[in-house]
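Below, chain A partners chain B and then partners chain C, in two separate complexes.
So, the complex of A and B:
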């Protein structure tokens, strides 16, 4: 304890810790940088800690990443905004390291600091930093620079603004594709800060260059920026400059480019307005829906609803719906699956008549699809379906699909359908449920896969919540308790799990009269795993059952288990007993 | 500033000029249907104007409309030309060009029933071309090369098809077990590759003329193809690129630079590329031919491209080739050993044991070629890492590290530097001796321990004593660390509250 009296040098502590071989210790100390800074005080943090960190950049990437992150929130520790610029040098170094994660984090932190800095400080410190990085010898610096322009630009004086625009356009023509990709990625953010007059000239020139890049990967990112850029422009400029590009891109040789277009097209429609959408973008979109490459069709099919929403019903009926019909029997299951997940949203756009007449057949055929994911995607949107076509029509086609999915070969499919059962139950109502689905729910309790049995138990609990204890008493509890005698111990275990889940829903009376006796019987099971699970379940009963029952039934049972030959049984029953004692003490 | 603008303009023009090459001016055997023809020219006859932003770099030639699924059947009358044997020698050169032009048309292989006759004709024609080039009868004049390269480009430079989704899911489970997907148009592709290979290898093809057409764009596209799923295609590409590198001296820096870019993208951005192993194989032989002393540029290549290639998790797919390149460097210039070893330490895997075993294997090869002075410079961090490997719970990792003592060169390096090394690894040896679960690791460790003991009993005992002391202190150090930090927290809290107090005043 003499320790406490010795003087402590926070920096020395940090230096010492950062020398440690154990990376975890180094990480921990970086994570506590703020503690060290507070202990040092603002001035010494600026004069000693930050310079030390600027030099200590030869560590593991993981440590550097942590440092980049910590520095992003360090302004209060160096004395507030007026001193924020002292944080720039260490982050500048981190912007140049090899590892992408570290660089990205450093850029993020710089942006965070830069967006708080005072305008004059930005001009004095931040903009020179951006210029230095942009002129960096190694490409990592230049890649990082691209992500900082949108912070630097707004506060720059006129001259400097011109220079920054020139530098950015140079980065877009950099020798290294990595830099051009970064410039392309960040163009939207930068463009948002540029004055409209330059937007139409300088920025559009940059955009044009990028869309003609030798490298697919660069052009791809240019497409990604299309929509963002389009939203910044006046509609007529967007139509003049962005629209032709996207139309050409939608027929690009590279499927990746077309894929990007398929993802962006909808947003672009919003930017250009209804008329050009109708004349230019709808045809482009229809082409993409019929693309040769499945990946493109998947992307396009996923946007069917969004796209239809911005069109008039006639246009949607005339142009989009025929494609939707084709896609519903597409050769790729993933296309059908993408379609199935959005198709129901089209109903409100088309109106009731068109829906029943045209959409319903498609919907029903997807519900019978041979590929389970397609059917699942339809069922997962059940609430939307119900609203449109009504329960009677639905139930006829729905039920066979559900039954088939419930017995699907892939356990993940079975799992997915189980998770929708409570939703189904609430939509279909209790009557329908009893007849058709009740048996299925019990069947899952005896599935070969643990995750299914677990989900099945959970499902029972949610059903009991939905339909109430009286219903559960009649339709769930007897069947469940019957299975407690199953010859296979894993199934008995599932039942124990189900009981512990159901007890809180069923309440005191039923738990004591029906559930508890079964659990107590299982305490005599020949399998040890069952016995210690009994102990766990009994412990979970503590908040539910009355004290008298506790003393009369639960405790004697546990006392017996504490003498069990198996060590785990003894452990868990002891734990349960201790818990009971604790409750007794407090009450 | 003006220079920049000029640069930009010339860059643009060169791009457009690619699009402007007129396609088959006259070809009696190739009559496309109207719609098809307009499609063909649509992409290529674009006028250059400064306001025209709507021309992304189009394919140079795109005879097959890949973009529309339902429409666009090729209705071409496509008939075979007379064979080379049946025409007089004076006609052969002309016939060659005609056949080359004819082979620029692509067919859709996704539908095996389509254009069966035409596909067979093209295949036969391509085979004839291969024979003809092999017979060294062709005079590769400028116009012949032009048509030839155009045909090759039209056939090879296509967008690689994506993997089917199901494969992607499988891939995440097991990289090795995955079936490579085969390109459907391979029956044609293969012969075109063969043809290109013969062309490059042909003494008749003059590099000075050919470089006009086998230009940077061509090389760039060729390198893009290395990402192909089809191993047969990559094999051809490897041979061809190697020959191109050998034949076209002017392109060497560009090829190296572009390969570097592929590596950077792979390591820093995507971690996905199918052809890394093939590219490294070519580089292996390039590195082999580097003259001594090594240029600074090549050393940079080692430190910035090759060493970081150890990072991606798919290292297994190309480690053999990478390791060959690295050892080539170290064998050429043993002064690089220090940098290489530090590089390996930087990218040392934390949780991936199979990768760790590969690292240890490579490390042994590098150490083989390491001399005393370089070893001296890196041995401390190196043996800290080796100590961690010795204690690995994966017995193969521990074993692999212990095998270092079976290597005479390494053993002698360790022996000479035992005063530094033993104190570092002693705790690891001691812990293995006490706790390691694996019998083989256990006995190998005891062997190593004995080697040190026999060598220098005094040092050994000193280390043992030290270790026991450290062990006793361990808990104390731990609690000391905790109390130090706690104390720091208190100071920090104090300062903060006093600051607030000041603010309030």
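So, the complex of A and C:
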């Protein structure tokens, strides 16, 4: 008897807690629904657990969301595919709740179950469910229905298919904009399952209606449909039906619709092919680049490179480049910033001559932009332009920009530029770097902001990796070690951090001869924080230094620290000593 | 309850009759400050009415006369009223929407007073509404919830518990009568610490639900906060069902109902230098059907229509409606009394009604040269503007409303009076009603009225619309017209009066 009790007890708790007052406990039970189901067995899960869940669906959203998710993977617990349909009723009710994320999850789970169900079961159970939802009294049910058609449609017999298409087109004309938005969003998925003959007639009619909807929010979702539908249609149909819509959308009264076009235009070009792109979409794109609304220009500017790539260099030079020139002095800093983040990519498209002649002046003006983000965006993509024009031309204008950013008032800007230093170093080479940037890198170690000092230490490590230990020994280590005597303890701490980062890169010899003595000296620091950080650094040396050095230098130092008056110092040095002992034991 | 009111006969005008009153004041009863009604709003169907008050509470009323008798017979009978033609409402529920807060950074108290209520799309038999105080907008769901008695647990002795209610946040701390949302909260066994010896669990079973009583539960679904530096004066839903706007003195923000963490600024009137400030936003509303259009009014007496399609930041209006003062008529008060306190779109969205201190004006959005109609509300107060300025009454913000058919408009005044005007072509209808059980008594009989002027003697010589004594402390600011029938709900301090015609 007790043998049976033991495993049942925790399950009994879980089941009872499905209805506990504490939401955390309910949530926990729902998350372990599969455990409960396994204990109950397949048949009782079908006959008791699932109906129980279907009835008790007025719980908090978090619980419902978890339930919707769990049920999506519940097929094995109800007895496999032949019984999958028992999972539909609880999910159907979840499809009607008013919280969007619960509905979305329920639809996702239904799609997951539906895509595994047998064809006859789909017809018997799934399709009626879709129809019920689509005819739901409340808009929430109808919104959910739109996301299920692409699962239901393929298995439906001919009669039912016709009905489903009709229902979908009704949903696209629903009174509630929410339903039309959902229908618009899901149109691409549904269209992909519809036979080509109906695609051209029924689906295109639906699409056309959506593109003329008077709600902006519906029309702008139809823009996404353009790309999805375009990929399904034959090229000539695409040009006949989709292209005009795109061109109209690109001149829509609502900036939000034009914004969507600007964002999607690249995908749309792929859908219609190269020839119509040249004749129709390039003018549309140029219009968007010159749009009145800054948001639209931002979206369009961000696609300059992607768009140029699918054009010939001549077309790009002739149509796109003049706009790029205008945008580089746009009144909105966000437009310039978006342009700066992609403009580097145009260099390979235009080729060396055009880049030097046309693009370089734009780079340079953006590098001098008053807005730090713009400058940063240019610098972050420097490797791309370097490949085309070489560093010599750039370096003269680059350096002042870098120095200015390195001393920017906003620490986030300084942080960003530090993160690009290793990239710059690899592009500029050792020689250039030594002259100009070396001093800056050291200066950051004494920044007022901790994040900058931390990033500066990390930067040194990456530089050492880039240029090798010998170079670092000459250009980094002496300066760093010198700062170990800084009167301010926070700077000494930064140096300790830098040392622990540099040690693995510098290797055994330099660590023992140069770094270790400095660390040991700092063990006598009057600030406790420094001393326990010494213990931490020494622990990090364990994998690097030899055993003899360990015994001769590291251990005595730690033994001394273990007796420290400060509790934290004792803790960390004890921890380090234990780690050493462990290494000794295993070796 | 009905039939008490006298009949107001105006040419072609409506006969307004008293229908109902909620929270009527007994003679000599002091009005509690927190009970003063500060917002009234019908939902789209007109089957529900919400009021907000100074104490941060939202009270919901439900129409009973049209609802299926089978379900609500008990309620109707309990109210002891004969079935009638006009809308009858009964108290449904109330909840504490906002609490007083303190902004420690700015050292400012944030009142709990409800500034505006707006109904949202209903779904799944639940009601949704937005309520706002000066700073924070909240999205509420009010729903019948099953009170479930669970029993037959696996582990505990047969003991039942009520599940699923956390009522603390919603139970108002007032002395008014209300239906508690929760019922008894009886914490069930905590299994984690349960040391009961368990014996003989030989089989598992699911708990059973034994009771299906329902109770109304209001739950705050979302809180849209920290987006307004100034006091919020309006909120308005968009016809697209997914967005709404909130307007404060200088800015209008656009929200997605589902996203409470960010909003977009669409109008910003804040000058670079606050000393250059000449105009503030007083009210804003979305067009009833065009999702891209919204109108806002200003303290300078203008109504601006903007098109959200034009640009992301709509600082430039597409249309400006204002009436130019006749030259020479300008006085010290001109600017103050031209400030618009409320605007409302008519149902079709072609007309906008605006209320300034002296008048109601009807604007056609296709004609920006001037209003198509002007109704005098406070013209008789013109000689007394000086007194009204002295006691700040001149800054009172009267709301206005339109009937569902767009044939009539209404707005409030002092002495708990409100006026209804016919605005259809050629109509001369102009009725003055008093928010009492006998709305037309002032016109029929003009008894000398004893004025209660609590500790403030400055209103002595003022007369109201009908030439009676006038009391600027008994102002009727808030009123709402039923969306489809001739029925008006209006707030006279803490009482909600309803009239029909």
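The rule we apply is simple: the second predicted complex is superposed on the first by the 572 of 587 C-alpha atoms of A that agree within 3 Å, B and C clash if a C-alpha of one lies under 4 Å from a C-alpha of the other, contacts with A are read in each partner's own complex, and residues count from 1 in each chain.
Note that in this section a residue touches a chain if its C-beta (ideal position, glycine included) is under 8 Å from a C-beta of that chain, and two chains touch if they have at least 3 such contacts.
In this text, all values refer to a predicted model and were calculated from it rather than measured experimentally.
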Which of chain B and chain C A:70 touches, first, second, both or neither: neither
Touching partner for A:447 - first (chain B), second (chain C), both, neither: neither
First, second, both or neither for A:217, with chain B first and chain C second: both
Partner chain in contact with A:241 - chain B first, chain C second, else both or neither: first
Partner chain(s) touched by A:253 [first = chain B, second = chain C, both, neither]: both
First (chain B), second (chain C), both or neither touched by A:92: neither
Contacts of A:292 with chain B and chain C, given as first, second, both or neither: both
Which superposed partner A:11 touches (first chain B, second chain C, both, neither): second
Partner chain(s) touched by A:208 [first = chain B, second = chain C, both, neither]: first
Chain C-contacting residues of chain A that also contact chain B: 4, 8, 13, 17, 21, 39, 98, 100, 138-139, 176-178, 181, 214, 216-217, 252-256, 292-295
Chain A-touching residues of chain C, taken from the complex the two chains share: 121-124, 126, 128, 141, 145-146, 148, 150, 153-156, 161, 163-164, 185, 187-188, 191, 198-207, 209, 221, 239-242, 258, 290-292, 308-312
Contacting residues of chain A [partner chain B, same complex]: 3-4, 8, 10, 13, 17, 21, 25, 32, 35-39, 41, 98, 100, 138-139, 166, 170, 173, 176-178, 181, 204, 207-209, 211-214, 216-217, 219, 241, 244-245, 247-249, 251-258, 287, 290-295, 332, 334
Contacting residues of chain B [partner chain A, same complex]: 1, 4, 7-8, 11-12, 15, 53-59, 62, 66-70, 110, 158-159, 161-162, 164-165, 217, 220, 224, 261, 264-265, 268-269, 304, 308, 384, 480-481, 483-485, 487-489, 491-493, 495-496
Parts of chain A lying in touch with chain C, wherever the complex brings them together: 1, 4-5, 8-9, 11-13, 15-21, 39-40, 48-49, 52, 55-56, 58-59, 96-100, 138-140, 176-178, 181, 214-217, 252-256, 292-295
